[in-house]
Amino acid sequence: MLINCVAYHNGQKLADLQQEDIHDYLQRPDTFVWVALRDPEPAELDAMAAQFELHELAVEDARNGHQRPKLEEYGEVLFCVLQTLEPTESGELRVGEVDLFVGPNFVLSIRNDTRKGFVSVRDRCEHEPELLQIGAGFVFYALIDAVVDRYFAVMHQLEDELDELEERLFSRKSSARRNIEDLYALKRKLVTVSHAVVPLHEAVGRLHGGRVPRVCGGLQNYYRDVDDHLARIIRSLESQRDMLSTAIQVNLAMISLDDSSVSKKLAAYAALFAVPTMIAGIYGMNFDNMPELKSSDGYPLTLAIMLVLDVLLWWRFKKVGWL
Amino acid sequence: MLINCVAYHNGQKLADLQQEDIHDYLQRPDTFVWVALRDPEPAELDAMAAQFELHELAVEDARNGHQRPKLEEYGEVLFCVLQTLEPTESGELRVGEVDLFVGPNFVLSIRNDTRKGFVSVRDRCEHEPELLQIGAGFVFYALIDAVVDRYFAVMHQLEDELDELEERLFSRKSSARRNIEDLYALKRKLVTVSHAVVPLHEAVGRLHGGRVPRVCGGLQNYYRDVDDHLARIIRSLESQRDMLSTAIQVNLAMISLDDSSVSKKLAAYAALFAVPTMIAGIYGMNFDNMPELKSSDGYPLTLAIMLVLDVLLWWRFKKVGWL
Amino acid sequence: MLINCVAYHNGQKLADLQQEDIHDYLQRPDTFVWVALRDPEPAELDAMAAQFELHELAVEDARNGHQRPKLEEYGEVLFCVLQTLEPTESGELRVGEVDLFVGPNFVLSIRNDTRKGFVSVRDRCEHEPELLQIGAGFVFYALIDAVVDRYFAVMHQLEDELDELEERLFSRKSSARRNIEDLYALKRKLVTVSHAVVPLHEAVGRLHGGRVPRVCGGLQNYYRDVDDHLARIIRSLESQRDMLSTAIQVNLAMISLDDSSVSKKLAAYAALFAVPTMIAGIYGMNFDNMPELKSSDGYPLTLAIMLVLDVLLWWRFKKVGWL
Amino acid sequence: MLINCVAYHNGQKLADLQQEDIHDYLQRPDTFVWVALRDPEPAELDAMAAQFELHELAVEDARNGHQRPKLEEYGEVLFCVLQTLEPTESGELRVGEVDLFVGPNFVLSIRNDTRKGFVSVRDRCEHEPELLQIGAGFVFYALIDAVVDRYFAVMHQLEDELDELEERLFSRKSSARRNIEDLYALKRKLVTVSHAVVPLHEAVGRLHGGRVPRVCGGLQNYYRDVDDHLARIIRSLESQRDMLSTAIQVNLAMISLDDSSVSKKLAAYAALFAVPTMIAGIYGMNFDNMPELKSSDGYPLTLAIMLVLDVLLWWRFKKVGWL
Amino acid sequence: MLINCVAYHNGQKLADLQQEDIHDYLQRPDTFVWVALRDPEPAELDAMAAQFELHELAVEDARNGHQRPKLEEYGEVLFCVLQTLEPTESGELRVGEVDLFVGPNFVLSIRNDTRKGFVSVRDRCEHEPELLQIGAGFVFYALIDAVVDRYFAVMHQLEDELDELEERLFSRKSSARRNIEDLYALKRKLVTVSHAVVPLHEAVGRLHGGRVPRVCGGLQNYYRDVDDHLARIIRSLESQRDMLSTAIQVNLAMISLDDSSVSKKLAAYAALFAVPTMIAGIYGMNFDNMPELKSSDGYPLTLAIMLVLDVLLWWRFKKVGWL
């Protein structure tokens, strides 16, 4: 679906274009065209590929989707794949894809499986004509920056999940089984995020510093800023990975500990029952000559002894922490 | 076994050759020869080595097989080893080998222990004469691309296996023993795939970017595309490794958890039996003076007390989750 | 809040400035201005940004805070972010931030969420006019050095915590549950410190060695010294990480060991009760013809046998370490 | 012990030399000397050092032995240390050492603690005079190649051991204790092999590619071949390491699983005994008024109830897999 | 404390100097001064710093101590920090420090917290005047070499400790608790050694190969030799780390195994007691009509049945390895 197709001249919006006029406007000096597609049909994509003369291999990647984030140069044209991450209601992460084709005088953005659009980026750009004037390189930056900014929200959510899990881990009330499941699910999400972020970081690193694609020239501070954001996310990912794997070990220790405390309780209660049972067994023997049995105080005395022994045992088990 | 031996001129098929004519055709300008062998006898291999003047060390590697994937330059001739991965009926991965000799005007492909052939690659090439015209470098790309494409199917299968395992891991019905066996088997397969992919990725990296073997010149975008596919597979492998080792830990935790719940059940049931047994023991004592024994309601009352105590215990154990 | 705003000429304090005079003094030769802010309002920050003509992206980072430590060059101006670490009463680590803007003739330091100030750095600098004379580059060094020096105190605290934990780990008296919680908390702190230190080390590495920002010229020995301190902290962090993960494994082993010793005790005591109970059961049988029951010594003899068997068992269990 | 001392001229054997003639032959053009020592006495070594004018530090290393594999250049002379690995009867790996001194016109090989010699290498070389003619560099290659080839046999043995261990791991019959011991022993062997292989790989890497010692010139394809073999061994080592550490975890899981199944059996059998014991206890009570006791069918009925309850329990435990 | 202060001319000892004469001798051609201090007072250090005109930052490091090993160039002067490792009686490792200042014509060595001195190094040097003649660079080498040589003794001790631990690990007699403690202590020592060795290896790497400090010129073979020793120690450290972490896992498995065997014994013995107790309970019931009770052989027969059942059970448990 075509969302937007606008030509800009010196940072000012010229006109909303029809698809077939794009080629015309690409010829004009100081003009660039910014097109946004969403979940496009193959035909739409082919039409655009024709208008912008895109390389076959890149178009194929855009058509197939499910690429890893990457940045490729086809002559003057950059092809950049980004992944979007959107939390679903069930707490999972939905992975979408944004494909960007950036030439000297155009930007083509293709959004797939991504609910939230990038209209706000266009708005912001149109309100800063002195930056938009720089051209396609700045729009490219603004789009990457928008995608990366949304990663922060995801990271904050994951950090909250880990915090909540840590609390549950040490609480005696929580279910170890549910903890394991949630730890595993969190791990899965971390892997998903790192799939989106790590290759992108690699790619963005080539947009500032040494040799830089021509279209990104003069914007080094901006791309370095994005690079720095990605580095921050990656560091945070690594820490979470690290804490998570420690948390999994801790959870295992907690299960062992719980098991151990059950064993202790079992042992203690078994003893509390075994003592009176043994004594009762003894006075249940049928020897003719058992003087205690004749004594009229024998029975209450025996009961008292049983009680006293059990109270003593109870007190002792309490002291060593078995009960 | 010789499968195919064809000469091409400017991207068009010239003729099916006899083995002994190869040398002739290699002399002609703008002509290249593409030979495909399958599980060749040593003699066949030697004949080809003579026709194409291949380096002794490379031929020895092709003869012995079981090489790691690699790319070696012997003067103008490239020698490339790839591994094929084919799932067997029993769910294992069969490892085959494809050896490619690529010279300025020939491609010799040798398929070993690999059921599925590369006829489709030849078909595709013959239908794109404008690309086939580029010569041996393009055929080389097309063959590597075909091998790598098949890795994706393997990866998808492994991802499905992991997904299914994850589900079983958290299900109360599954057998922990079978889970361990399957986790271990999956691990083995990941190692097998990584043996095929990682060295190949290294090798393909030398076919685009800086200095490139002459025969691959002008095809950088294509080789970069293969490189990117391999990078994607490797990332996916790493994630699977990571998830798998977490899954193994999770499985261990599940076993501990299961053990712990058995201990709790055991302790609870032991208590439920111990109470009436102890009471019965007491009233089984042979003291002369045990007034309860004379009472006509002693017996039913005692049974009632036993029952009430057990019901209370039952309810308590249910509440703390031991039963 | 503005804490200090002073102009220096050849290492000597010239005057305390009003904010609006800063721009004047920046024009004078051999003069530099050193301004210190604390938790500034956005307006204060904007005013400073205007006086020193700071780059928008850097100012935005300073405004938002929660950056990772980094060093960025905007033309002649360095923008450096450092994290401060201050232990709270509850034993946690509070993370603050110091943002430094360093130009050829000015230093602007902004302290956020950090209780302890840097007045001592200013004092030390003013007492060493021959070094202060070098200008902004030396003040920059002195500030980084002060921040890094405070990391050592934090590291010593963490080392002490680990030492204390290690002792508790092997003591039979300690609570395994509390040990796990403390090990996990310590892990968290190590991650926090490494977030502050590792990126800073990277950044400082660019201030000595190869190409160096102009303002840091001639101070290589000093920056190398800071670099070396950071390397020392990082090594120590790594060792602590390493020991900590071993300690977590050890703790798990200790829990298993404890569980195992409970099982042994349980088994031993069960046996001690089972023997007399079984014997008593036998003599509680109601067979008509049980000669022992008639014997007048039957009862004491039986009791004696029970006692002897239990003493033998006790002695045996003691010997194999089950009791 | 001197094993061999031969001079070659243009790839043809000239003569078996006396030790004192070596120096003479070294002066002749197109001639090189190949000496093989085995577990030499210090004096023998010193004599050789004098004949070939070897560097003191290298000779000291050769005298002391127990070096890590390495390659050092002393002027024109290469000093290379290799480790040999030979399986002993008890299944351990015996580590020997081969020290090679290679100059423009000589090769001195010193074999220590190594049963199997390198006569076959000399034979092969003497049968390929066109290669032997290349001189010391080719002999050097042939010796390294022979040592590396023997590593493959060791690797195959270790792979077999791992395969056998994996099978035992999942078999219910095997002894977990023996499995642990064997896993640990295998780990030890992997470390031993990696000590021999990894540093050698590093060293051989310097014999092809960029700058190459003069004596190895023109043999790049050969050294690259050895390098490739070493890379293959290292990859295999890494996989084995990886599988082994997974196997150790699996073994731990198997032990837990076994423990868990014992707990279940214990709980089930305890219940099967507890039910009749409790019922018997009840009818062992001495209440005057227990009508069942008077009934003539009371006893067989009670026995029947006991039996039925136990059969029901048995069936239930079977169903949930506790028995 | 000043230990030694000697001037050398062309490799020959000239004279023992007074501290105040040092400056004089430093002016003479072909002369160098070698001073050794031990645990110096601050004043002694300051005096030396003045004599040799040492850089303030280096002197401060030497004064404070507890540096990580490092090598720093201050103009022509090298400042090198090494750590010494000395086993104490209690089996711990005492960490000392040696600071070396090396200029074109002097060596100043400062030994801290290190019992064993370096007189032997001086002796060896004075007996090899042809090497001592090279000057400060050779003395520097000789001192580093001496420190590194002592690491080997430490490594051998740690290897012995690990060997002994491995044996205990698999012995049924050893105490798992003591094993854990010793494994942990060994881990601590490995970390201590690696703190001393790894940064030193980095530092020494800069003394041979590419650009080398002028004072170390012409001694590349010697420094490479030290570098090689350090590489050997590091490899050995890594292997020990690796084996140790496997050993910790093995120990955990052994504990689980032990626990599991206790569970089995417990279950088996419980069954051996439960059978006669249940039978006795049945014949302790008070039914009027229990024909067996009247039979005169009932009692011995019952005892016989109990015995036979227990013997059968015993035999069965023996067979499955539970007893």
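Per-chain residue numbering starts at 1, and chain names A, B, C, D and E are given in the order in which the chains are listed.
Methods note: a residue touches a chain if its C-beta (ideal position, glycine included) is under 8 Å from a C-beta of that chain, and two chains touch if they have at least 3 such contacts.
Being a predicted model, the structure only gives us computed values, none of them experimental.
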What chains touch chain B and also chain D? none
Going by the stated contact rule, which chains contact chain B and chain E alike? D
For the copies chain D and chain E, give the interface type as same if over half of its residue numbers appear on both sides, and as different if under half do. different
Chain B-chain C separation of Cα centroids, rounded to whole Å: 41
Gap in Å, rounded to a whole number, between the CA centres of chain B and chain A: 25
Please list all residues of chain A that touch 2 or more other chains. 249, 252, 256, 259, 263, 266, 270, 277, 281, 284-286, 290
Graph class of chain-chain contacts, one of line, ring, star, complete, other: ring
A student should be able to answer this: under the defined touch rule, what is the ring order from chain B, with chain D coming next? B, D, E, C, A
Sites on chain B touched by chain D in the complex: 55, 57, 61, 67-68, 70, 72, 74, 176-177, 180-181, 183-184, 187-188, 191, 194-195, 198-199, 245, 248-249, 251-252, 255-256, 258-259, 262-263, 265-266, 269-270, 273, 276-277, 280-281, 283-286, 290, 292-299, 302-303, 306
Tell me, which parts of chain C touch chain E in their complex? 166, 169-170, 221-222, 224-225, 228, 231-232, 235, 239, 242-243, 246-247, 249-250, 252-254, 256-257, 259-260, 263-264, 266-267, 270-271, 274-275, 277-278, 281-282, 284-290, 322
